[in-house]
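By written order: A, B, C, D and E. Residues from 1 in each chain.
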Amino acid sequence: MSAAFDILLCLMILATAGIALFVRGAFAAIAFFIAFGNLLGLAWLALGAVNVALAEIAVGAGVTGVALILACSRLFELGDNLADVRTPLASRLGSAALCLGFTVMLAGVVLTIPPGDRLSKVVAPLLPGLGIENPVTGVLLAFRGYDTLLETFVLLGALVAAWSLTPDASRRLPPTTMVMTDPTSRIVAEAFTRLLAPAALIIAAYLVWVGSDLPGGAFQAGAVLAGALVVATLGGVVVLPRLDSLAARIALMVGPLTFLAIGLAGAALGGRFLAYPDGLEKTLIVTIEYALAISIAAGLALLAIGPPQPMPNNARADAR
Amino acid sequence: MNALVPLLLMFLPLIAAVISFALPERLAVWRNAFNILFAFVKLLLIGYLLREVEAGRSVEWRYEFLPGHDFLLRVDSLALLFVTLSVFLWLITTIYAIAYFGRGPNLARFFGFFNLCVLAATGVAISGTAITFFLFYELLTLATWPLIVHRGDEKSLRAGRIYLTYTLAGSAALLAGILWLKALVGPIEFTVPPDLGEVSPIALTLIFILCVGGLGVKAALVPFHGWLPEAMAAPAPVSALLHAVAVVKAGAFGIVRIIYDVYGVDTVAALNLGLPLAALASVTILYGSLRALMQSDLKRRLAYSTVSQVSYIILGASLVGPYAVIGGLVHLVHQGVMKITLFMCAGALANRMGIKTIADINGAGRSMPVTMFAFTIAALGMIGFPPLAGFISKWYLGTGGLQSGAPWVVAVLAASSLLNAAYFLPLIFRAWLLPRTAGTTVREFASAEDWMLVLPAAVTAALCVAVGVMAAWAFSPLGWATRIAETGYLQ
Amino acid sequence: MLVEGGHVFAVTGAVLAGLGFYSFLVKRHPIRQLLAANVVGAGVFLMLGGLGRSPGGADPFAQALVITGIVIAVALSALGAAMVVRLAACGDKDEAPLGEKREGP
Amino acid sequence: MTSESLLLPAAVAWPMLLALASLTPGFRSCLRAALPLAPLPALAAAFLAPREVLVNAPELLLGGGGLMLTDAGAVFLGAAAGLWFCAAIYAVRYMRDDAHPVSFALFWNLVLAGNLGVFMAADLASFYVFFALLSLMAYPLVIHDRKPASLRAGTVYIVLAVIGETALLVGFMLAAHVADGAIMIEEVRAALTASPTQPATLWFLIVGFGIKAGLMPLHVWLPVAHPAAPTPASAVLSGAIVKAGIFGLLMFLPLGATFEMVGSVLAFLGFAGLFAAALLGLAQTNAKTVLAYSTVSQMGLIVGVIGVAQAAGTPAASVLAAVALYALHHGLAKGALFLGVGLAQHTTGAWRWLVVMVLAAVALSVAGLPLTAGAMVKEVIKEPAGALGASLIGVSSLTSGLILARYLFVLPASATQTRPPLMLLAPTVALAVAALCAPWMVLTWSAATIDYEPSDLLSQVVDAWPLGFALILAGIVVLLRLKCPTLPEGDLLFLMRQGLLGANATLRRVGRFAQAMATPVAREQRTKQRGAAWLNYLDSLERAAQGQAAIGGLLLLVAAALGAALLYG
Amino acid sequence: MSPLDLLVATPLGFMLAALAFGGQGRWLILVASPLMMSLAVWLVFLPPDAAHVVGGWDLPLGILLRGDGVARVFVLGAALCAALVGLQALYEFSPQSGGPSARNRGFWPLFYLMWAGANAGFLTTDLFNLYVALEMVSLAGVGLSALGSLQAALRYFLFALMGSLAYLLGVALLFANYGTVDITLLARTAEADAATLMALAVMTGGLLVKSALFPLHGWLPPAHAAAPAPASALLSAIVVKLGFVILMRLWFEAFATLAAPIAVGLLGALGAAAVIYGSIQAMRQRQLKALVAYSTVAQVGYLFVAFPLVAAAPSAAWSGMTLHAVAHMLAKAAMFLAAGLMLKAAPGRDIADLVGLARVMPVTVTAFALAAISLMGLPPSGGFAAKFMLLDAALDQGAYIYAAVLLGGGLMAAVYLFRPIAVAFSGAHGRAVALKAPLAAVAPLALAMCAIALGFFGVAFAELAAIGAPWAQGDAIGGVP
């Protein structure tokens, strides 16, 4: 039975992806993209990877979706009608053939590889040493801690790059006060934020705490918080600080800073870089997780909202 | 101690170059003093080297700068011949250049690159392995280019462009040749001739063509001589030292190295490569003289004369007979001395009296007698007027040609002498005998600067006479060339 | 070898990647291309997840890789979106890039 | 190295020293006064210096060379030195108010040094040095007065001199090669005689020396250049410098061996020159030109004799002595005649008749009047000339008589002065006396090599019929005041000049045409059109590379290609 | 405390500090440059088999950081470049030099991010970690080129994104197939099955985009030409090199056995095409920085021409390839910095506007010329030593076409590089105005001098590059501690 369910799920995933990719309207495409993200989360659940499912839905569908929608709306106001200009038939056929060949080869190759667990047997015996049960968090923060450290800096770097695009004049403007334009939807958002915010906070805190044993973790918690923040800004309840304001910078840097500090401390105390002194692994991992959660939340929120816009958006809001 | 001397020989011009670059224009006096001082110190070094090599002690410095390839500076007798020539003439030309420019713009840059050129020329002379030779050969191109475009006007830029196209293509061919040979017989060290026994003759011939072609560009062999007359756009000291002596000789010197130290006399004979090269050299000799005859600009005429004179050396080298080699080697020195005098006089005439074309030279003898006298001696020497330097080298080349079974060489020499007379004698005739028509009449020794402008030419002219008359003396260039030929190549 | 559970997802991942590539090539607007890129990324991760499936649950190492991949993907997409908007806003007044509007040699 | 043998290098070095001294400004004043001093050491050397002793300077020139005086050399040296000495005294007075004193003194001394050195050189290199010094440094003397005519003459002179030099250089190289590297003249000559060299070596030598000696086809510069030079210079040119050519032939031609073809051609050219030059001389109006032609004919005689000796293979010794004697007599006589021309310009009245009488005596001696030195030397030279040669020489006195008569006839009249200045008269007379007596003295000294027993008076007079006939003819011409036809100065020269001008014009046209062809401008246009085509292809390639579709498409293409390559690799 | 970790951790720390200090962040470089240089030098002098696993977790789980020859050489080169470019940027983005403050604030964090990413990429042998490092470097690259022209930056972003996805796909396939992403382990267990070949092909495709080899170079010239001088120096010198180093690891270590001669030949052919295409385009450019950008396309071509040479005779051509990469790194950085300064002084952006610069700013023009000498491969520069070694290897193997490309490339480089120099030397008058801060020219001169000095230390460099090279150890692959 479950095989049938899997196949059905996969077909739905392919359908939503197909529509998202090739539908004419931009907003429709993004909507279907978000749907596709959620279905993908289900697929991960089917595969038994709860952590990934959470991350996929919260970050993959959620934050990316929001960022794209906001970008499209701004483009729309800037006069770019996102029209889908038709590429000449020849190039379409060419790329179709190319991609078809590629897909068939890839699928063929994939079929030759027997699915199976690779390193879970290697990870399992090391986990008790760390004092955590959730293998994914163990891999993420301990065994592949180096990757995760670099990854947080990638996030930070992306934010800095996005913010360095803004011309000087608008630097001092707060990030797009994205208050809803028409009053009725703003009231709905406002009410919804009042209800959602506390819940989100609790969920995030719980996710981080439980992450060490059960599926959860810094990224998922951060994404949830980011979502809450975005909704709050949309509802006008919260005004996100400018990037060069101290608060924003501290929030953004606390995660990478603590991770790096702990790593260097490990090296300084005679061990190696990112080697947790035995006995303290769990506590250190949890502290890192919390710090990361905060930074990821702030980072994703600011990224989703995007750099401040000097242009019509604010103007119209004030005018009205 | 001996290993240090070649290094010092390299570092002196380098330091001089750095000082020249660094000193601002208002400290020009200091810069000139430094240049002359370094030239003297270098001359002393050469004196020391002369004594060392004479006593038979080997002077070399080795450093493996690329895996499998050594950077070797070795002073053997052949190297010493060229080094002595270039160092001595550099001292002369430095003094001349100081007087020639006086207070011009960009002089720091000029003297800096001037020193680098001599570094490269000395390097070419005392390089022990093929790769060291190539390194300095290429450095010579780089160091001479800024001197050609020194004036920055359109003409010299065009000359620079042409110069680069020729020389860079040539050095690419040379590099290909050297490396191909290295692939066949391993890294090439000059005085340890590689055994080319089992290498296929076709490959050897092709490599020979590549190497001699590459070197032929600098030695201004006929198809590749185009850059030399164009390079006359450069100021006189540049054409004097570089395009008459250092750069052109580097090419000829390279060919001598290839023929005698890399291939060895018998291989060249076996592959009978000597004759085609001799034929090409002869064509260059005649072509150069003919084109010189047709030129109306003084420096271009001298440039074409250089094209033909350098091929004497190659002719001598390619004839692979004892006398021919001596003739070639001794002409290396003689042509340098004579040609530098001609260029310096031409430069002095142009600088002081604005003489550019042949017609302007009328009556120059009356207002600048000493310069014109030096010019006459050097010109007569070029024609081969007996007691002077030219005659000695023509004599050895002629007898050498006959000795190695190429009587047509004598005909080429005769024709070339006639052509030389045809384009030099009218110059002397106009300068001394015709009245002064155009341009200014100026007192030759108006200021101290003039002494420094005219004396170098006088010294080198005297050298032409001395080298010719005292040719049989043991330490004369001829004596030195004979010793090289006997010890070096013709066991 | 019968098609086990993991392969279903892996193949869908592969198809997703193919579709994403095709859409990337065909769609001219950067936003649509960003979207296509995300789909390709999701496809690759799904393929990895699928191949890592075992009766005892998904392979933690693979999961960690996927999570890191997703975060990086989102960071890049957001940056891309910001750049597209910025480009549309200022119409690239500052410096005319080369290759595009060059008027020949 | 006895002191006398030092005289040889001194003879050459002293004039060079004077030449250098004339350059220093301080010496300007007594410049001309020093001229006669120059040849003195050479004169002393001719008499005192030991013969056949090599004074060598190992380091100089090609090493191993040096100076050595042979008997014949001594005679030539003595004659030349004497002539230079008298001409120098003459020049002191004659060149008093000259425009370019420094240049005259400088080149006079240099040419003197060269001339003396040629007779003493022991090796190829020094011989060539002196010979080059002699021929090239004479050029400024020829064009001394800077008049257009002498400038043209100078050009002809220098062109032929350079050609001669080059021919000589090639000849010496070939000779040195035959003597496989030896550069001493005896060894070279021995090698030439011993080994049957191909004639090319000889021809180059003959051309080289022939130009200097005025051999018939190569003589064109002589009648044009000698008159152009100032009188003392012309005297020396005809008297001593021409002898260098002859001496060269004597030194280098392998007289011992028989070279049929070379010898006979040389003989023919020589004797042809003897007669043709004399006849051409008659048609000249300028006294110096007439004398120049007379020199050409006399030299023709000597070369003819050498040619015959070469063909017959007679041993060198006898030929050398006879030719030396003849050259001595001709040199001194011709010198006197040339100085006479200058002198005649300054004398009128009684003195003039005295001068004419002296010159006539010398002329008759040259023409071969019996009992004079001229006859004696003609007799002596008949011996090696073979039968045909001897008779030709006999007849030649007719033509030389005529030409010398012509000379006396065209002697320039004097402008103003009545008494000839002593400084001009003395050297001419001295030379005339020397010309008449010196041959006898030399004959007595070298009796061993020349056996000359004067035949009785009657047979001499009978043999002298050609001279008598010539005198009669001259008398008739003078009496009837017949006008001789006049020719332009250089005969062959006129034709050669036209040919040269034509060749020059065509050469210049060819040069301009080649220039036009190779101009870079034409080439650049051609490359431009062709280049434009594939340039826009490049632009389109670049735009595609930056285009949107390229991003994924190209990547997949490359990946596919790599995959395929990996599979089949 | 081993330099292997600190080389990555320190720049990250400085990135945070730069973010924290905001406006005054630029003075940090004065501390960062010497510190990083000393770390790089310390790395060079580590014992030959210096390698350790991050956090102590053994393979296949953990990540192995290995200081092999290639890593040491490239880290040292990158450190030298970044340090000196940083000093130049200190002058370039200082307020009085008129740079907008937004760019100032954005430049420094991205600068350190790139530096950290590059070092991480050079040192690690873990493919996924390399993916993250690639992302760090590409992200920073996009950010830096966005300081110049947004359009070029967007194109670069899309190209980089596609390249990363392709690379990620390859890593996924490899992990799925072998259960590990570590190069040293892969080297032992890799065999030529379909999955591996496809993975290698796709990863190579992605990396070729990152290192801008000829058909996939479209994004490089506009991005590098428009970016401000220090940014384009970093882009050309460091960003392009990371992709190449990963390819070296893949083709000569992980899948050495799979590297079929035809495939390597294809790479060589693409390289040759790049040399020719890049040179011709460079000759046609009218703007100075465009010319230098296209010269990068050509020089990258040289690196890939070296691939078949190394595949055939690794010992001979290995040091030539690495030396060429490092020499290019130094020379190109110097050239971009010098070009930036020259364009500041010149009235316009075209080469024709450089008239008379040699007199006005001799030190900068000398730096430009020295860098040009190294790029042309003329003695005595590092470029020459590299070209010589490659030519040597090519002729030994009889690969005459590659030898011809190497020589021809050098000549073509001479053609397009001497043009600006000639214009700078021309014209005594020139409208250029002297720069106020002569000290700014120190950085390009120092870099150019290093490029030239490399020429003299060919042997030392070869030994350093050969440490832990895959072919050097024969069977003992990957010295796991």
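Some observations on this one:
The rule we apply is simple: contacts are C-beta pairs under 8 Å (C-beta built on N, C-alpha and C of every residue); 3 or more make two chains touch, one makes a residue touch a chain.
Note that the structure is predicted; figures quoted are calculated from it, not measured.
The minimum number of touch steps linking chain D to chain E comes to 1. The chains in contact with chain A and with chain B alike are D, E. Of all chains, the one whose Cα centroid sits at the greatest distance from that of chain A is D.
Located most centrally within the structure is B, per distance between chain CA means and the overall CA mean.
Top contact pair of chains, counted by C-beta pairs, is A-C. Centroid to centroid, with C-alpha atoms defining each point, chain B and chain D lie 37 Å apart.
The geometric centre of chain A is 108 Å away from that of chain D, both derived from CA atoms.
Rounded to whole angstrom units, the spacing between the C-alpha centres of chain B and chain C is 66. Between the CA-based centres of chain B and chain E the separation comes to 42 Å, rounded to the whole angstrom. The set of chain C residues that touch two or more partner chains comprises 10, 17, 21, 24-25, 28, 33, 45, 47, 51-52, 61-62, 65, 68, 72, 75-76, 79, 83-84, 86, 90, 99-100, 105. Residue numbers of chain D whose C-beta contacts span two or more other chains: 535, 542, 546, 548-549, 551-553, 556-557, 560, 563.
Counting partner chains per residue, chain A shows two or more touched chains at residues 87, 91, 95, 98-99, 102, 105-106, 110, 113, 115, 118-119, 123, 139, 143-144, 147, 151, 154, 157-158, 161, 165-167.
By the touch criterion stated above, chain C contacts chain E in their complex at residues 10, 17, 24, 30, 33, 37, 40-41, 44-45, 47-48, 51-52, 61-62, 65, 68-69, 72, 75-76, 79-80, 83-84, 86-87, 90, 92, 94-100, 105. By the touch rule above, chain D contacts chain B in their complex via residues 58-64, 125, 128-129, 131-133, 136, 140, 143, 146, 151, 158, 162-163, 165-167, 169-170, 173-174, 176-177, 181, 511. Listed in rising order, the residues of chain C touching chain A in the complex are 1, 3-23, 25-29, 31-32, 34-36, 38-39, 42, 45-47, 49-54, 56-68, 70-79, 81-86, 88-90.
Per the touch definition, chain E reaches chain D in the complex via residues 155, 158-159, 162-163, 166, 192, 197-198, 200-202, 204-206, 208-209, 215-219, 221-222, 258-263, 265-267, 270, 277, 280-281, 284. Those residues of chain E that touch chain B in the complex are listed here as 319, 356, 358-359, 362, 373, 378-380, 384-385, 388-389, 391-392, 395-396, 398, 403, 407-408, 410-411, 414, 418, 422, 425-428, 455-459, 462.
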